[in-house]
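Note that subunit A is present in both complexes that follow, paired respectively with subunit B and with subunit C.
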Partner chain A sequence: MGTRRSGENLLILVIDTNPLAWLPFAAEMDFTRYIENIVVYINSHLMMDHRNSIAVIASHVNKSCYLYSPHMDNWIKNTNSNSTVNIAKDGRHEELSHINYIIETRVKELVQEMATADIHNHVDQDLRNKGQAKSRILVIKCTPDTSFQYLPIMNCIFTAQKYNVPIDACVIEKDSGFLQQACDITGGIYLKLQSPSGLLQYLLTAFLPNQSMRETLILPPKAKVDYRAACFCHRELIEIGYICSVCLSISCKFVPVCPTCQTHFTLRIAKKKKKA
Partner chain B sequence: MKTQELLTLQGLHQYLKSLPAIILDKLYNHPAACLATFRELSQLAKHYVMRTLFTIQAIPTSTISAWVNSQHQKEHQAALNQLTEIRIWQSHTLPGGMQGIKLNESFRANLKTALCGGGESWYGPQLSKADKYQFTSEALDLKSKERWECVLHYLVGAGEDLALSGEIQSLLNNCGLVSKNGITAAGFQFLLLDRPSQVWYILLQYLDSAESLGMDLVEILSFLFQLSYSTFGQNYSTEGLTQTQLTCLQHMREIGLVVQRKRKDMKFYPTQLAINLASGAKQEELDHSKSSGYIIVETNYRLYAYTESPLDIALVALFCEMMYRLPGLCVGLITRESVQQAFTNGITANKIINFIRTHAHPEAKKKVTTPIVPSTIIDQLYLWELERGRLSCSDGVLYNQILSSSDFEALRKYADDMGVLLWASPAKRLLVVNRDGHNHVKHFWKRNKQKD
Partner chain C sequence: MELAKDEELLYQNTYVKHRKMMGTFFLSTKRIVWKASDNDELQLCSYYPEIKMQKISPDTSSKVQLQLQLHNGNSFNFHFANSDSAKTERDQAKDFVQQLLIKSRKKPSKELEEKSRLLKENPELYQLYKDLVVGNIISAEEFWSNRSGMLTSSSGQNIGVSPEFLTGANVNVSGCNTLKYNLSADMIESIFKTYPKVKKKHIECVPDKMNEGEFWTLFFQSQYFHRNRASTSNNAANELFGSGASKDFNDYLQKNARSERDPLLDLTKSNTFLDEAFGTNDIDGQSAATTSNAQLLQQFNHQSYVILHSGEKRIKDIRDTLLIRVIYVLVHSDKEQNDSDTQKDRKKIKLREAVSYDELHGKDADLGPKLALKNTQVYAQGPTVPIQDVTVISQSDVEVATSNLKSKLKNWSANLVECISSEAACKAVNDLSPNGALMKSVLQVNLTQSVSQSLQDDLKKHYFALGELLRHFWSCFPVQSKGLEEKVERMAAAISKYKSSNLQRLKASLTEEHSHLADHLLEMINVAINKYKGWQDRQRNIRSR
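This part shows the complex of A and B:
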């Protein structure tokens, strides 16, 4: 066949599994449906080419963990010695149902484990697979940003940019400044959905094409990015502020000790001016 | 000539294209078949299918062409053709009179099943149980390799053909790889293909002949696709297979795509050869199963083959004169006679050189300074091949008794311009024109005469 083989594509999917943040959308699509939608999207990605692979990371309340990674194929064998489990019970492709089983079980475990209700967004992007030539990251998120994680996220974005891994984002209802920046810097696609209904169709249309296909297809245009940073002390968007020279954290007023990295600042410029 | 064409024909898509519409529609009734067809599509076409998979109403053609950048319309057109050719997309007139496109309903339903689950299991309601005598993956590889080599042995006529049943033998005989005098040019070309391509080629031939054996093509195809998407090392139950599929299973067992302990055994294991057959998996996965090279050629025309496999020896013997057979080593001499013999069987010098290169002994590949095949050997092989081309025959028509030299010149010039002139002798006023050009030249001559 004359088609160009795109080679191996690794998709790292970061999904928001915070059931509390999902509450406002529950009327339109409950949490189970949301996970099902994502599972179908994962299956579609794997179906595109037999060399495609996937890693799923759940960003949960206060923690994040791998739901599935290519190294986890043996997981099922360790947890369940009954070998009949992974055989397709229905008309699904066996490989897919195997992966789906792992993901579903893990989500169940995770939701049951949940004890605290401390809501904050925890987007932890693990670039352990950065050696892969053609990987990309997709973040699906409905919880609002917290500036608490400004630094790890920014580090993540620049690492991704360095390794030429685009970060795509699909946010629901509320815009995320961090992800907007992430997509803009790494050349990914940013898409904001007004409501979660039709999530799967959006995912399939906008986020299924891999890097090589993106030149051909017309995809959502780049949105205007709000590059204003939020200050760390009051979480307000500011245009001019003070930046820590060590960890680059931002504050709207002068502080003697950096709240993030505890560096002590001495206002040398101010002193010099006084002498003169 | 037919076999030559068939050997270049590859890929599932071309095959599906040649099937009649009714069979295609029936084929899409099985999730595995839909999955296999889907994987064979081009990247763009795959995205098109995914985009329309969950859209029930028809989509206007203008919308679809707006999915693609204006500079990539060529790819768009190709993808569109690909999808309509095998009836995955069907044109549909929208209520407003606009041209629209709709996904084939049974294809949609079954691809959805493969993707999201639901429906019946591919292997019937019966779940397979753990096998007491579970085959290890090494054993499966070994068994399938053994069977497949039987097929290859039969092709090179290395004896042991008794291991193949009459049906498979006649299949091999019919597909033009072997003739009464032994292997044909197409057969040699076949042996040079990588393993997955070989399997695919044989299966295409099998499918072609299936109908004449009274087997249902759709059932066989869906069974094969099912095989190609099964898990390696897993046993499957024969329950729920139709009679045709059971016969097919036995044939596949014979060529090593499936391992079954006994004919009556209710369980079977698909092998590496069968898995990923239809998903476009090529060489890289099966490379490890290919044995490493074994041939060293020296400038004195001696060929050393470090092998004991009768198949490998038979292959080498196709173009060289075997001299000694030692444990683990065979020595042959490339002579003019032996090479000419190969040429008459339709094997070209290029094919021989390629064969030696691809099967070169690691020791021969090690030396960077010297080529794998010595240049004297390459030159000599080409020279021997040229010997056969000293005379070439072509049909033609002789024009003679042309009265004036000006007439002759006009005629010769016309034929030359047309590119149909084979030979001309101004002294004798003789002219030979090839068959195709004869009519034109004749008309030209008549017109010329009328003018006079």
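This part shows the complex of A and C:
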């Protein structure tokens, strides 16, 4: 396999692997089950077409890393060679078991490494690694948005748009403004689940068909996306505001000096005519 | 005949027959009209741009006729029937038509063609034009004023000079040792390009001192045309055109001598034969032995130069043509000493040009001033609302959960067979089926389905037309000049007119369920009208003060 085949439909899966963020849902589906669901989804994607390929990115606590990428096929040899014994014991397709094994092992590693936890998970920061043609991105996310990564996320969304890479999102319980915008801008599907049970079925039904098949399917409707921006001064959503012409900061009232970049403004008022 | 406002009657003849009916022949500044004298309704009218050409009957013919051929293939014959002066009348009319045709074929018709092409290619623009201009809401000039960019986009290519433009001239030998040349406009252009002096003379002489025909006769008799043959001296011609083409060339050399110098290129030093070949070493007139061959070569060079030069705005390229450089070097090698100082500088420049390539230079990236942010933290967060509902998990919970998970994962091996319960799967499929929890809005009736195509098109038209009007209107603000003031008033009137006529019609045609479709149009109009009223009030206040 070596390098990525000239395959069509590279699916880049960004999954939320923060086990703590998963805690609220543990009653319905525990973390291992969640990973299993995703592995099944990955296998299904690969089985759709022999040219399909996959990359899995774990968005973890304070970091993100590849769980699997097409370049990681050699990884298995370099690590524990004993464990290869386990592979393909049940007659599964070799390639699938490879991938499953890699993911499984990597998840274990990740969790073992984990020290103290930060509840905020920066799922989106990793989106910026993408941008290959004929690929799509699916983000599975259960943590709320944080605004610390606003600029990289927006850059990444527009990059995806430019490269024609649709971003799909499957969020659990909490709506994500970023992902709503990302899906809307790039033409992907945004799906919000009330609970994680049945996650696999949602994934298979809504996100398995590739881009070209989607046109012929009835898919979840596009929701209206709230594009309103919050002003920089009070962090309140506004419909009409003032924007600094230099740094594009938003404020809800006219300010003579931009608080962000210190540019001075004078409000241009139409000159009054002199008395005739 | 009724004349339009900007029309003027130039010629009238009451004895002109068309299809054997007597009538009156009118020429105005815009059109040609013929009206039957015994039948008021019968009349012919054609505007000059429609007319392709006119023809007249030969002198030998029994009838004195004038024929107009139109672009659409039709033609009209007019028979000048006034027995005494038919011929002079006809010629007079012919001259008028000739002049008017030329006038009408100048720039405006080209512009019209361009406009009609645009309208043809762009159905939306055409619709807009129909709605606004034909509906008399704004004038055609105003309509096009916003689109001047579209009009000027295409510029024709310059036509070069054909190598055989003179030999290609149609020569008719008509007995008596005379030759008749038929010159087309293209050929005249070519001659002008090749012999700038002829052009100059033409401008000087033609309307005042002689007519076109005489000028060209002299030209063909002059040295310009015959210079390579045995000189058939014709005094009048030589007087007009001076002593031939070499003068043109010398003028050029004098003018460009300094700038054309290339110190790195001196073919005389490498090859003495070049002297001969280019035949230019005696141009300064010191040598008496001017062979006809040398002159011929020189004229070839000159002609090449002029033709290249005529290719507009390519002068810089031409400077680089080897030919010119060589000629220069040959001619001015004796003067070399005089300007050796400046030559050194020039050499430096030339050397630099020769060894440096623009493509290899790094781009001088002038990125402008950098963004200097004082408050980067706020900036990096962007226009987002901070999260309110952060669920805090206590440290102990975290530790318990982590250790649980760790121990669980230690012996975990993915069991892919039972990873989803059938109930959960059923629910998910239901949710994602039409009418399911996540697919509710799918079945909502779409406006595109409920509104008929014709109504959609109609609405689109209205939006287009009104949008155009409003754009004109809003572009007037702030009103800073008298012209804009007038335009605002005109536009406001046009908008109200649109509201009262076109929009009313639309509203009447809408059924009950679609009645809201016109609301937005109306709203846009009202905003504009309110703005106009406010502006009017302010104007009044200013005046009354």
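Simple rule for what comes next: the second predicted complex is superposed on the first by the 204 of 276 C-alpha atoms of A that agree within 3 Å, B and C clash if a C-alpha of one lies under 4 Å from a C-alpha of the other, contacts with A are read in each partner's own complex, and residues count from 1 in each chain.
Quick note on the criterion: contacts are C-beta pairs under 8 Å (C-beta built on N, C-alpha and C of every residue); 3 or more make two chains touch, one makes a residue touch a chain.
All values derive from a computational prediction rather than experimental measurement.
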Which superposed partner A:S197 touches (first subunit B, second subunit C, both, neither): second
Touched partner set for A:Q262, first subunit B, second subunit C, both or neither: second
Touching partner for A:I218 - first (subunit B), second (subunit C), both, neither: both
Partner chain(s) touched by A:H50 [first = subunit B, second = subunit C, both, neither]: first
Contacts of A:L20 with subunit B and subunit C, given as first, second, both or neither: second
Which of subunit B and subunit C A:I12 touches, first, second, both or neither: neither
Which superposed partner A:T205 touches (first subunit B, second subunit C, both, neither): both
Subunit B versus subunit C as contact partner of A:V40, first or second or both or neither: both
Subunit C-contacting residues of subunit A that also contact subunit B: 40, 43, 100, 200-201, 205, 218
Subunit C - residues contacting subunit A, complex: 371-375, 378-387, 389-393, 397-398, 401-402, 405-406, 408-410, 412-416, 419-421, 424-425, 427-429, 431-432, 434, 437-442, 478, 542-543, 545
Parts of subunit A lying in touch with subunit B, wherever the complex brings them together: 1, 3-6, 40, 43-44, 47-50, 83-84, 87-97, 100, 200-201, 204-205, 208-209, 212-213, 215-218
In the complex with subunit A, residue positions of subunit B that touch it: 10-11, 13, 31-32, 35, 38-44, 46-47, 50-51, 53-55, 66-69, 72, 75, 110, 113-122, 127-130, 229-231, 234, 276, 279-281
Of all residues in subunit A, those that touch subunit C in their complex: 19-20, 23-24, 30-33, 35-37, 39-40, 43, 86, 100, 104, 107-108, 111-112, 114, 116-117, 119, 144-148, 150-151, 154, 177, 191-192, 194, 197-202, 205-206, 218, 220-221, 229-232, 235-237, 246-247, 249-250, 259-262, 270, 273, 275-276
